[in-house]
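The same subunit A turns up in both complexes below, where it pairs with subunit B and then with subunit C.
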Partner chain A sequence: MKNNKLRPYIIAGLIAIAAYMVLLFGSDGGYLSNFIVYVCLFIIASQGWNLLGGYVGEISFGHAVFWGIGAYTVGLPIGYDLNISPLLLAFAGAAVAALFAWIISYPLLRVRGFPFLVGTYGLGVVFEKVFVASPKLFATKGVFVANDLNRFFLHGMIFVLMIVVTVGVKWLTDKDLGLRFKAVRDVPEAAEMVGVNIYHTKTAALVIGAFLCGLAGGLYVLYSGFINPTTAFDSSVSISILMGPYIGGIGTVLGTVFGTSIVIAIQEWARSALPFTGGQHMALGLLLIIIMMVSREGLFPGLRKLALKLSGKTKDKTKEKKAA
Partner chain B sequence: MAFGGMELFSGINLSFEKDKVYGIIGTNGSGKTTLFNIICGVLTPTHGQVFYEGNEVTGMKPWQLSRKGIGRCFQMVKPFNSLTPYENARVARSSAGHYSKGEEKFSLDEIMELTGLKDKRNIVTSELSLPDKKNTEIARALACNPKIMLFDEVSCGLSGEEIYARMDLMRKIADYGISIIVIEHIMMFIKEICDEVVVLHAGSIISSGDPSVVAQDPKVIEAYLGGRKL
Partner chain C sequence: MGGLTQTLLGGIGSGAIYGLMGLSFALIFGKLKICSYLNGDLSILAAYLCFWSFTLWHVEPFITAVVLCPLFFLIGYFVQTVFLKKFMAMEIWQGRYQSQIMVTWGIGICIMALEYMLWTATYRTMGVSYRNSVVRMGDIAVPYVDIWAFVVMLVVLVGVNLLLKKTTLGISLRACSNDRVSAMLSGINYQRVCAVTFGISAVIAVIAGLFYTLTSQVTPAVGVDLTFKGWMAVIIGGMGSLGGSIVAGIIMGLVEALTSYFWLPALKEVVLFVGLLILLIVKPSGLFSKSR
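Coming up: the complex of A and B.
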């Protein structure tokens, strides 16, 4: 009985997966496949950023550092021809990024607000310059990361990881630790009064977020096969990571998924459609301005509000009054 | 048996005993909230010491003190607005309350019942009314498993009936064996629930003792009640 009920869903699911595969790999030389992988990787990283930026409310401008550490933890051993499993390296990269975040949290999380933002930005700049200037770290020429991983396998794994991370972050933010994140964001002084150690709470958000950014960075290298200081540590990577949550809805899990998809889509479209350098940055800036003018909390909360309004709930009206 | 004693401002010794309800009154700027901030560890006194349960706690941080059993409600409500009342209490239970596991006087459900938030426990706090926000703060403080609770003008901005409800709630909390210190402007409130009252004026204690006796003290009437007799 139960099996019979489930069967249509299973068949539908299999058809959907088959259609997805055909769509991705059948037609245009894997362009769409690459695009979806990049979206998934940035979603993983953005969810990590969102833990600190969205849930704890401490805006970081330097999460590319953790992305880059993950990337180079994969890139350097392969560049030096060490025989280590690439997938193992990707997870090691996440761990190294988390460890680095834990160490750097000691000075960095002593400050908050604007000084923290500047500090994280500075961290990114330092890392890029160090890697550019070090021939032993392959300097500007970067590392070609040849690996024999099956691209279909990698694509599937990254897609599944993206879903696991998204569901995991949602799960975490409903747990005690996640509630503490939000408590620290809402009223830090009251959070302290109920026994929350603000510094430890922020460190937890930074370290978990760094793990996710490092994981995304390592997988990015495995998929793209190349890493250099610009693709690892440049501030545009940090901006790509934080732009998704901002546009989709900061502090929301689904908003991050939507926002990041839109950001990467626009970046890719602008790169080919706008005939001048930096066109994609301009397009993103324009998008951000429009979103901030239309719905400051981001697209996802904005749409949810609109849906409530259209369905004619009075609750929303009182909210608007308050805002006015 | 003293569980706390402190030197406040200059040359002042103030101690609160267990299982009693204390009231603190005083004119604006007399140092009532400063006193709370010192007890909670928000401020570290420049001179003198703070003792709690016989141990010196001077200079400890608020999160350390709340883990030892000091709960506090703010004058201006500060609930975690994006969380529900139940989640507000959960944060406290999993943080400060975690350090006194097994000594809980009430479960989170009982706290919701006690503070009258049972039906609203799953509504986001920012959408609640002011009395319910204050209840949320009390629920959050209770979830810390406090041995002593500090209430900073909880009647501020409430109607008469709501104030009576707050007094009932405080009596119930006291019946559970939790010591209470309240800052309050309403003399009736103090007379009703407090065992002892301390009157602050310009950073010093001008009177203390039984509420009805203190209310007759000429110094208090002059400084605080502006010459009018209650």
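Coming up: the complex of A and C.
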């Protein structure tokens, strides 16, 4: 049963890898493969956000903080000319982000809802201000991260990591932990009654999510070769991270993948097609409003519901409604 | 000593703006459990409209604000009836907050984008004649605008309280706040009450925006900042207590002013936020929350 469930994902992944290999070696690292790498990085980060925002239901406007911590953990030692392997640093950055998330969960996650939302946004502002104001952290100059990693190797690694993370999140949320997440989101009182510790469950989601965001941030620095407070902590990074799950389908793994691809594609498209300031924001804002008004759960569950409706499987539909 | 007193008075002046923002959120969140994330953008839109009419036609910003109040009341009414109405019937745990936050935030982004298109990202300063005029008390100089902000904030607070206590609308609003179903059974139009309340909250946002443009420079990105400062005031003030959010706003203004005076102005938000974290550890329900 379980194997049957996983098989489509594995086949889809293999096909995607094959297609990607053809594309990568055909286009020798041009605009398109850069674009694919950014999409993959944001998918990793969005899966991290989705664990907390989608499965547990605590919206965070500041996952850029974990992204930025991962990025600067890679950037600072290289900026100070310490001789440490960059890939090791990327994973260390993820660990530091997870540690920071664990610390920050104590004040923020004990109360449901708003303190977390406002607090995470505030964290983003605080980190940006501190990094801008302190010359020892390279202030607004930023760090140029030169490394001798093969770009093709990085491409491949980021892509494989994206698939591993997606499958891993799917596996994790199908297990006991995922059920706990959903229980805390939907009926916290009942969850508490059967012995689920709400605070610990939320913290677990936040820490795993922060690990993924930190990893994505660190790899982003290795790939782009430059980091400054704006690309690390700005609220536009948080927006890119959290918009994907909302548009694709909140609380679904594949929806996040689709949604993030759409969001990054729109951002890139708006940069060239709507050259005036604000065009990008306008496109994303309108898309968000339309998605929320038409199909509140996002594009992917909405389309699935529509397909079920058209094929006349009313039984499955009611079953899904109960599950959701 | 004069410098410190001066700083404190300035802090109260800017705190009044945060208090007004907090009040506009506390009114709809505390009473009706509607979450909005666009009031900050609405007030910056109002600020830009004041700026526009002043620079183009030399209209006094206070007069513009009087005209803008009904207009923004209609905008708030429209937003609630068109975008938020379908989420009001949901129970809170069904993701009602999430939907409301994301819709209002999307509208807020669109308003911000519109401002970028119309007025670009340049910082705008409104050059009214009384911007720099002050009242002198000994060696302390208090700007007129700060005094006005404080007085208007008190007037708005008293006005909202009177509205809640004395008028039919206020009584039906409190009924909806206590028990939605019974209120609807006794013939109160719940959706209409929500829409009118959202409109009033938008009007309060306009007043905050007016004073923001009189005391600071305006750029579209400030809208999100004001939104979060307002929510911060709501959290510090205890999740929906009206007076509490006003006091919390003034405390925030004082903290910012004192940080700028004793340390770096660039770090005032850092101190403010660390203070919020400490408060959440010590007393998660906020300073003035009603006892449970």
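As a working rule, the second predicted complex is superposed on the first by the 285 of 324 C-alpha atoms of A that agree within 3 Å, B and C clash if a C-alpha of one lies under 4 Å from a C-alpha of the other, contacts with A are read in each partner's own complex, and residues count from 1 in each chain.
In the analysis below, a residue touches a chain if its C-beta (ideal position, glycine included) is under 8 Å from a C-beta of that chain, and two chains touch if they have at least 3 such contacts.
All values derive from a computational prediction rather than experimental measurement.
Trainee: In the overlaid three-chain picture, which partner chain does A:A191 touch, first (subunit B) or second (subunit C), both, or neither?
Mentor: The answer is first: A:A191 touches subunit B but not subunit C.
Trainee: Using the superposition described at the top, determine whether subunit B or subunit C touches more residues of subunit A.
Mentor: C
Trainee: Mind working out whether A:V132 is in touch with subunit B, subunit C, both or neither, as first, second, both or neither?
Mentor: second
Trainee: Identify the partner contact of A:G119: answer first if only subunit B is touched, second if only subunit C is, both if each is, neither if none is.
Mentor: second
Trainee: Once chain A of both complexes is superposed, is A:K182 in touch with subunit B (first), subunit C (second), both, or neither?
Mentor: first
Trainee: Based on the A-chain superposition described above, do subunit B and subunit C contact any of the same residues on subunit A, and if so which?
Mentor: Of subunit A, residues 185-187 contact subunit B in one complex and subunit C in the other.
Trainee: Give every residue of subunit B touching subunit A within the complex, in rising order.
Mentor: Residues of subunit B touching subunit A: 40, 42, 61-63, 66-67, 71-72, 74, 78-83, 87-88, 90-92, 94-99, 127, 137, 140-141, 143-144.
Trainee: Over in the complex, which subunit C residues touch subunit A? Could you list them?
Mentor: Per the stated touch rule, the residues are 83, 86, 93-95, 97-99, 101-103, 105-110, 112-117, 120-121, 220, 224, 228, 231-232, 234-235, 239, 264, 266-267, 269-270, 272-274, 276-278, 280-281, 284-285.
Trainee: Provide the residue numbers of subunit A that touch subunit C in the complex, in ascending order.
Mentor: Those residues of subunit A that touch subunit C are 57, 59, 106-108, 110-111, 113-115, 117-119, 121-123, 125-126, 129-130, 132-133, 185-188, 235, 246, 250, 276-282, 284-286, 288-289, 292-293, 296.
Trainee: Going by the contact rule set out above, which residues of subunit A touch subunit B in the complex?
Mentor: Its residues touching subunit B are 176, 179-180, 182-183, 185-187, 189-198, 315, 319.
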